[in-house]
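What follows is a set of structures for review.
Both complexes below contain chain A, partnered by chain B and then by chain C.
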Partner chain A sequence: MGWFDYVWMGILAVFQGPEMFSILGLAIPVTIVMILMGFLMGVAVGATPGLAGPMAMAVALPILISIFGFTPDALLPVMGFLLGIMKGATIGGAVPAILFNTPGTPDAFMTTLDGYPMTKAGQARKALRVAHFSSASGDTFSDIVLIFCAPFLAVVVERYLDLPEKTALLILSLAFIAAVIGGSVGKGLISLGLGLLAAYVGTGEDFYPRLSMGSQTLAQGFPIAAVVLGVLILGEVFKSIEELWQENRKSGALAVVEQSGDQRLHWADIKRLLPYISRSAVIGTAIGALPGIGSTLAATLGYTTGRAAHARKGRSPAFGQGAPEGIAATEAANSSVSGANLIPVLSLGIPGNAAAVFLILAADSIGGFNPGPSVFRFTGDQVNPEMVIAFGLFTCMMIANLLNWTIGGAFMRSMGFMSRIPKHILLPVVLLLTLTSIYVQETRMVAIWFTIGFGVLGYLMRRLGISPLPFVIAYILGGKLEESARQAFAATGGDAWFLFSSSVSIAFMALTVLVVTLSLRKPKEART
Partner chain B sequence: MRSFERANLILGLGAVGMAVLVACVWVPADVTTGMIEKVRRQITIGDALAPTLAAGFIGFGGLIVAVFERPENARRISARNLQFLAIFLIIVAIGFAVMRWLGPAVAGLLTDQGYRALRDTAPWKYIGFLVGAAGIVAALIGLVEGRLTLRGILVGLAAAIGLIVVYDLPFEDLLLPPNGDV
Partner chain C sequence: MKRFLRAAVTAVGLTALATGALASDWTPPGPIKLMIAFKAGGGADTQARLIAEDLEAKLGWKFIPEQVTGKGGMNLAMAIKDQPNDGSVIGIVVTETLGYNMKVANAGVAPSDFTAITTTAGFQMGVVSLSSKGWATFDDMIAAAKAGSLRFGAMSPKLADLAYLLGKAQGVDFNIVNVKGGKGVMNGVNAGDLDLGFMAGIQGKGVAAGDLVNLASALSEPLKQTPDAPTFADLGVPFSADGYFLIIGPGGMPTEARDALAAAVGEVVSTEGTKSNGMISKAFGGAAVIAGDDAQALVQSDFEAAGALLQAASE
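Up next, the complex of A and B:
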């Protein structure tokens, strides 16, 4: 079995999977329908200020698992749907940013700078077309990089890294995430430590589940969905409702601007935009490949770099005054993060952002697919089903890109009305949806209390400027880190210095210290 | 000392204090094996090592925050934040209490069977969820708007009915709250 056999089997797994229905005798596979539905839902969610892709993923996951069950056949439809949401939300975020000066997602903030001035100048539809073209280009580029990089990176990791090196790599990744997310290394480390601590409650190798305080409820540990959804989703919902409560709703009458002039995107426009899109796609992909660095930074860097190039050329209008190049630079950068963000997930098993966390959660809930280097392991003549799923996922991503290129633009432009749904009505519904979906999965009231408890923790962390993402990533990786350290310790014959047993692991540990030390030099406050 | 300087100092020292408590009190009292164990003449990592290291991260992070990180825009929790959190949690707690106990109370009053026998039968299985869920949504909308409105109640009812349609009607094996606990 070679690479091409697996690529082909991955494609077939999508196209020859279970049939949803047939049109004129042509079978329509369920995975493709799920990608389409996820994509459309993602665009709608992204176009709604106050909602985000991960929220939709959180709410959809229990429903999807109920529909498809816990069989290997469920993996591609469920993960295809989630990938669709991820991609749809990426382009949807530009809609309210351009039409109403309200970014649907944080990474679309820079889009408002030129998008809204274009709307005010009567060029809203053209601005949306520029955003869609740039976003789809950046996303497709980043997926291609993912498809070529992740398998080879995974093979390198499997071939050259032994247990001590893998443990050191996990420590380096966690330190990197703690150091770069949010801008405060101290707060990142607190978040990381809390996440690890939560992961170790009710687990361990001894008969007595550690840190359970003798309670049967804690002895089972915290349900993963309660922790992830509580900290990531409820924490954000609590904070947003409080902000609305404190603002007491400012009046939001929207001025309607007459749209006029040529709204189409011509080849000459595309030629002018391509350098900006290419530059930003490379920036976004490079940033996305590093775990923990979000699309907001990519958008900022893409915009700043594009603005410098634009100023050198002396083109008009300038960035910030309605330049289509500004929208292109931002949207290409933030969209190219999404594919590249899956490089550390698929090659190392390390989630780099909230969307990746939900993909891991789905894989963990369904079973049969453990993202990490072992996914791309060749098993002689026997088929490695995980590698088939991985290439199936790549196929899903390319189908989502195809949908993005074909129907994405029109659907995105029709979603302007979503921006008008008041946030204070939407957020309590999201809260209820999240808590109900937790109960449906866990079927015990205590899971709801855990989720609310972790929601309070997420809220307090946000209020204190502590990013919740290191917490969630550490919670997910905590068990893996301990297991890997136990195995490495045993394999080296109980060597306490196993993390310094080879030049590679020493290099990883040195990098860990370097990352933390360098981050200490410029403490800033978190944006969350 | 200015308030922003105090905010991160308190957070940092709080984290250090928590780390000390976890490493020196909770872990020794609530983990049955040590950091390093000798099992059948083999040295292995015990259950206490990982949580102690987690505490180490919290303490180290706290120390960094307390000593090195005192930016002027340091975030802190205000009395108004705590006031909001208290109101919010009270609303949610009352809503879930209604959700948990209303169905059994109504079934107890109107039938001889009790709620447990009826928990998978309409309309009994929806009573608590519908009222509790709609109440939470309406109360939270009312919190932001400053008063309870008919629109808020209708949105709450629509959301609860929507969830019943999505989770309960198509799936026989899924249970809405609180029907898995009663």
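Up next, the complex of A and C:
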């Protein structure tokens, strides 16, 4: 069994999976249908200000699981759907940014800077084409990097890192996430600490329930979906409802601009845009591969680097005045984060952003696939089913890219109306769907109360400027951290200094301290 | 006439209801929640899901599997304790859960608070290492352990106690690492994080392929796959890891529900050609069905015997 056998089995797992229906005797595999549906839904969701990819993923996941069940056969259709949403939302976010000066997703903010001026100049369709082309290019590039990097990184980690080093690597990742997400390291660490605290309720190796305060409900720990959906989705919904209440919506009608001139994207345009796209794709991929930084910073960096290059060449229009290069630089950067973000997920089991959190949640709920270094292990003559799933996921991503290149552009351009959906209708719908889907998955009322409780926590964190993402990531990694620390401690014969037992783990720990102190030194702008 | 017809229909309906309650015709009142005390993706989890699949295919019962892992099955036990006992909630654990673990947890529950429905398969618990380590026999491994302490993976506190006693009897010190599930031990052994460890049957394929080697049997009898490997008794440990996968329900489950569930599970795991039977034959050396009162007696005696092992391991 070599790499190529697994690549081939992964492709077959997608195409020869359970069939949905057949057209003229040609079986249409369910996974492909799910990718398509996820992708279309993602574009629509991305194009709706106030909704984002992770929200749709969160609501869809329990419903999908109740449809497909808990067998390993469900992994590819469900995760394919989620990957579709993830990719669709990335291109969808540019639509309202360009047409209405409102970013559909936070990372599309920079797209408004040049996208809306192009709309005002009557070039809206061309701006959308530029956004789509750059986004699809960045995304595809990022996926290719993922497919080549993740397996090898996993093999290296598995071969060279022992239990103490794996523990140190988890500590480093958590510190890094706390330091780079959100406004300040202090707040990041608070978020992280709360997440770990929640993860440690009711878990652990001892027989008596930890931190349960005598309650049998707490002794089982919090259901993972309740925590993640509560903090990430309900928290966001609560905050948006409050904002809606306060601002009463500035209802200035947007002037409709006559669209004129050549709206097509010519080869000459593409040639002009390509340097910006490739520069941003590399930046986005590099940033995506580091857990926690996210697409908004990638977009900002891509845009500013592009602007510097543009200014050097002295071309007009300048960035900020309707330059297609500006859209290209932003969209290529924020789209190329999504694929690379799965590098730490698949090779280390460490989620780097909200979308990755939901993919891990899916794998965790369904079972049979545990993202982490053991996924890419060769097991002699036997098939390692997890590696087949991993390559199946890569196949799903490439199919989603193909959809993106073929029908993505046209579909995206038809989604302009989504931004007219009023928030006061949208938010309650999201709230109800989230609670329903929690109940579908957990089938006990206490899960709903937990979800609402964590929703309030998420709301408070947002009000205090604390990013909820370190909380969620710490919650997911908390168990793994404890497990590997206990194992490392036992394996080294009870050495309390196991984290400093080898040069690699010492290096990881030194980096941890360095990351935190460096971020403490310079105050940073708020990031998500 | 009309009234007579209505009465007749009612009577027929009542008869149907009454028949429905008879043991042989017992059907679950709705979808059955199947709690699984094992980490998703491992051998035990796969077994549970395959049994559910087989029952769905054979009887049309619907199962909702749910992972309730942790604390050696005690989390599941505590969660299932107060669930409806009409057969709509069952759980799969190991006999150790209601034995050693329940004793140690001291959580105010005893096996009598649960209904033991049936066992499905016994452990083929071996002490396993990679064959690339170069140890052909148990003694080779002990020689290596004397040169430098080895990492011994165990997936439960009882097994950790047994590993400790094994080391004590053989005059070596193992670094005993607690790992989640036999799959965790196997991953650790494969990755080189562990030198050896307990595996309850998941090692079958690897041993057959020559990648892994059964150094010893942790049972009171030799392993089916490697009969030459010494047992724990041969190695000076007067305890064993004998145990079974066990399906339980909340205490006081009506006998007809318990027996119908036990019969249904017992049949699919023992029938050649079912998915679960295939898996159990490969991984656990065939089905081992102990049902009803016998199963209840088995866990009760395990519970009572747990004290001796605890005593020995704490000396």
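The rule is simple: the second predicted complex is superposed on the first by the 521 of 528 C-alpha atoms of A that agree within 3 Å, B and C clash if a C-alpha of one lies under 4 Å from a C-alpha of the other, contacts with A are read in each partner's own complex, and residues count from 1 in each chain.
Following the convention adopted for this analysis, a residue touches a chain if its C-beta (ideal position, glycine included) is under 8 Å from a C-beta of that chain, and two chains touch if they have at least 3 such contacts.
Please read these numbers as outputs of a predicted model, since none were measured by experiment.
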{"item": "Room on chain A for both chain B and chain C (clash or fit)", "value": "fit"}
{"item": "Which of chain B and chain C A:V429 touches, first, second, both or neither", "value": "first"}
{"item": "Which superposed partner A:A490 touches (first chain B, second chain C, both, neither)", "value": "both"}
{"item": "Chain B versus chain C as contact partner of A:T443, first or second or both or neither", "value": "both"}
{"item": "Chain B, chain C and vertex chain A (Cα centres) - angle in steps of 10°", "value": "70"}
{"item": "Contacts of A:I506 with chain B and chain C, given as first, second, both or neither", "value": "neither"}
{"item": "First (chain B), second (chain C), both or neither touched by A:Q246", "value": "first"}
{"item": "First (chain B), second (chain C), both or neither touched by A:A286", "value": "neither"}
{"item": "Partner chain in contact with A:A318 - chain B first, chain C second, else both or neither", "value": "neither"}
{"item": "Chain B versus chain C as contact partner of A:V33, first or second or both or neither", "value": "neither"}
{"item": "First, second, both or neither for A:E158, with chain B first and chain C second", "value": "second"}
{"item": "Smallest separation in angstrom, by C-alpha atoms, between chain B and chain C in the superposition", "value": "5"}
{"item": "Shared chain A surface residues [contacts with chain B and with chain C]", "value": "204-208, 443, 486, 490, 494"}
{"item": "Residues on chain C engaged by chain A in the complex (per definition of touch)", "value": "33, 40-41, 45, 49, 53, 64-65, 67-68, 70-72, 74-75, 78-79, 82, 101, 104-107, 149, 151, 157, 173, 175-180, 187-188, 190-194, 205-206, 209, 211"}
{"item": "Chain A-touching residues of chain B, taken from the complex the two chains share", "value": "11-12, 15, 19, 22, 26-27, 30-33, 36, 42-51, 53-66, 68-69, 71, 73-77, 80-81, 84-85, 88-89, 92, 96, 100, 133, 136-137, 140-141, 143-146, 151-152, 155-156, 159-160, 163, 166-167, 171, 173-178, 180-181"}
{"item": "Touching residues (chain side chain A, partner chain C) in the complex", "value": "70-71, 158-159, 162-163, 202-209, 216, 219-221, 364, 366-370, 373-374, 377, 379-382, 386, 443, 483, 486-487, 490-494"}
{"item": "Touch list for chain A against partner chain B, complex", "value": "62-63, 66-67, 178, 184-194, 196-197, 199-200, 204-208, 210-213, 238, 241-242, 244-246, 248-249, 424-425, 427-429, 431-433, 435-437, 439-440, 443-445, 448, 452, 456, 459-460, 463-465, 478, 481-482, 485-486, 489-490, 494, 496, 520, 523-526"}
